[in-house]
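The next part holds the structures, each set out as structure tokens.
Here chain A shows up in two complexes: once beside chain B, once beside chain C.
Showing the complex of A and B:
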């Protein structure tokens, strides 16, 4: 969903640039609390993995493809603020080195994928985690649910930006329907990949998954209380 | 309780998988337009896209310039791009943590643009804890 230069007019691109700068600036402050000796190298690994996986376009219907956005994945693995930094680095390198996504559209792409997609994915994940039983085994499923919602959310945000600053007169309802339709399908792929990756890490090292910490804390308490009951 | 995989092993294997995806598996990715490109074509605004200012760069469009073989050109661009992402993200995270450990210093209004992150050579090392140790020496000396 990398927006090229020219889709949005200059004022809109400047505005999304300001939003992106503010979001990344806030993430730079807040990520500090999420980062320790264990999560810091994970942030690098997650960014690299998201970059690699974004190259793997999977077919969606006839003649169309989609790829992982990675916002929900990054947020669940390393925390939302660190995730924003990781995905923003991916988008920066793609724009500067690989000409994937425009330069003037960098703020738009950070806003759509690193902020809207990631934050929506994270909120869905956390919201579900709050109301459902805190089980480590549920973490990949909740991550997949967040991932599924994050893609149409980013697509809808693009439609909103296009309504404000699109450079061609496109009927808004047509655009919204097309963007939502295709990106709901891509969201299924996003959910599958996110679920598999988070599931793999949870199976091997659940302590390295930021989003699994509440469930791990509950599990530790249960083990302790079991031990206490049998003593 | 499952057997524990050492953090270092986990990171090295994870990184190897990422490089394999970027360098080899990416060749088999679908080359069809993605969702946004497809919608832009259908709705009739695909032609408003302008060429990126970096479109003539050495890695533009995930192909290393001058390499004829498709597989090599794409795979190499993927690996170099992934290495750049790794170096920048580790460098950025390192800076965020170092800034946090210096209490009392006024925050110097850091640019939110990750491009300004110095490319610390050691940032490419996936073992983050070692940098922290390496950095603490000179810092403590300054105090």
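Showing the complex of A and C:
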């Protein structure tokens, strides 16, 4: 999944590096406004969580399995800014300590997976939340929708970057079709898993889910009593 | 994670490469790879020079070459992609062993493999010779925003705690007869991920409170990148919260 060194040419790598730095810089400022001095421990632990869930295997069948990418999941659970920070830090650790994704492609990877994937996922989630009734039960469904769109969106952004700075002569329409087709499939898996994970958190601790806040705010206190039940 | 552990890719040693300042290593890795990526893929001998340079550094680091080679498996999916290249690329074609391959595709595949492999080997060398806490100090010296280095520090510090928590949850699942075999088992695995999120988030809150009670005011003090100072604040919070295994 991660773009390695040499996949895109040097100017494109540097340009996406600048975009990534700007995006992460903005996320740092915004997350700090939101979390205050909790930023470092919270974003750090959420990053660890994202990293760990990427190691959870979901069996697809025929002995193969896939794992979660977690961009949209992080955005719904902790909000887009902390989510961007966490996913970017995960990518940084993977590049520096695990050689997963090239160091010159770090900017590209952050731009694609953290900025494009996460922001698109979040916008879809928030957009749908605006127009649909604010119900806590809907949050996992909307999160799934966001996750579904986020994966092909990142793939499409990759195809765009490839058109600008690709180093191999693959016909662009073939690449776009292959990337979109394949990633739509991955997006379905990502959507189901994201929905299930968000659903399980919403069921236990809806107060922790950032994306559930608007729905929680309009929820009214419901008093249930024995008398009411027997009546 | 304790001071003596290091990460899984770290190979303990005391060579020149191990002792070199981390910011120097990170900066040279970045510059080296930028040069490699910018090199035209048709300058074949130059890649030999790059490889020789890397081999010399690995030899100086006294990390066994096999150690690096084994860890190059991260590159596999990408090698498959590169090998497909000659078949899908356009342009004039040549016959190699009865297969019709695109000339440009062959060249592109070579370029991707050469640059990608150099990148993986160079990054692995950095990882094998640098302790995470040195890496953090190095990034700090390279003017990576303080806040980002702090987040990175928390992630590296709690990586083993959280992955171990996940492992305990897996053991708990499997000791109850569960094994994930098909899509039908996704809800169970997903609930584990949900539980892991709640535990990680709550651990973050406890760490923050533990830091506050030790006088944290929003940023670790200047010079906090020395191992003693960074470790002092948050690791002390961990013991209070490492007993969740039995209700997984």
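Just so we're on the same page, the second predicted complex is superposed on the first by the 197 of 231 C-alpha atoms of A that agree within 3 Å, B and C clash if a C-alpha of one lies under 4 Å from a C-alpha of the other, contacts with A are read in each partner's own complex, and residues count from 1 in each chain.
The criterion applied here is as follows: contacts are C-beta pairs under 8 Å (C-beta built on N, C-alpha and C of every residue); 3 or more make two chains touch, one makes a residue touch a chain.
Remember, predicted model here, so these are calculated numbers, not experimental data.
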Contacts of A:148 with chain B and chain C, given as first, second, both or neither: neither
Which superposed partner A:167 touches (first chain B, second chain C, both, neither): both
Which superposed partner A:122 touches (first chain B, second chain C, both, neither): neither
Partner chain(s) touched by A:68 [first = chain B, second = chain C, both, neither]: second
Touching partner for A:210 - first (chain B), second (chain C), both, neither: neither
Touched partner set for A:193, first chain B, second chain C, both or neither: second
Touching partner for A:60 - first (chain B), second (chain C), both, neither: both
Partner chain(s) touched by A:182 [first = chain B, second = chain C, both, neither]: first
First (chain B), second (chain C), both or neither touched by A:97: both
Shared contact residues on chain A - chain B and chain C: 1, 4-7, 24-25, 28, 32, 37-38, 40-49, 51-53, 55-60, 65, 85-86, 89-90, 92-93, 95-100, 102-103, 167-168, 170, 174, 204-205, 208
Complex interface listing, chain A residues touching chain B: 1-7, 21-22, 24-25, 28, 31-32, 35, 37-38, 40-49, 51-53, 55-60, 63-67, 82, 85-86, 88-90, 92-103, 155, 158, 166-168, 170, 174-175, 178-179, 182-183, 185-186, 203-205, 208
Residue numbers on chain A that touch chain C, as the complex places them: 1, 4-7, 9-10, 13-14, 24-25, 28, 32, 36-49, 51-53, 55-61, 65, 68, 77-78, 85-86, 89-90, 92-93, 95-100, 102-105, 167-171, 174, 192-193, 196-201, 204-205, 208
Residues of chain C defined as touching chain A within the complex: 7, 9, 26, 29-30, 33-34, 36-38, 41, 71-72, 74-75, 77-78, 85, 88-91, 102, 104-105, 108-109, 111-112, 114-116, 118-120, 122-124, 126-127, 132, 135, 145, 147-148, 150-159, 161-163, 166, 180-183, 185-187, 189-198, 200-201, 203-205, 207-208, 211-212, 216-219, 234
Chain B residues touching chain A - in the complex, by the definition given at the top: 2, 4-5, 7, 10-11, 14-15, 17-19, 21-22, 25-26, 29-36, 38-40, 42-45, 48-55, 57, 59-62, 77-78, 80-82, 84-86, 88-90, 92-94, 96-97, 99-100, 110, 112-115, 126-129, 132
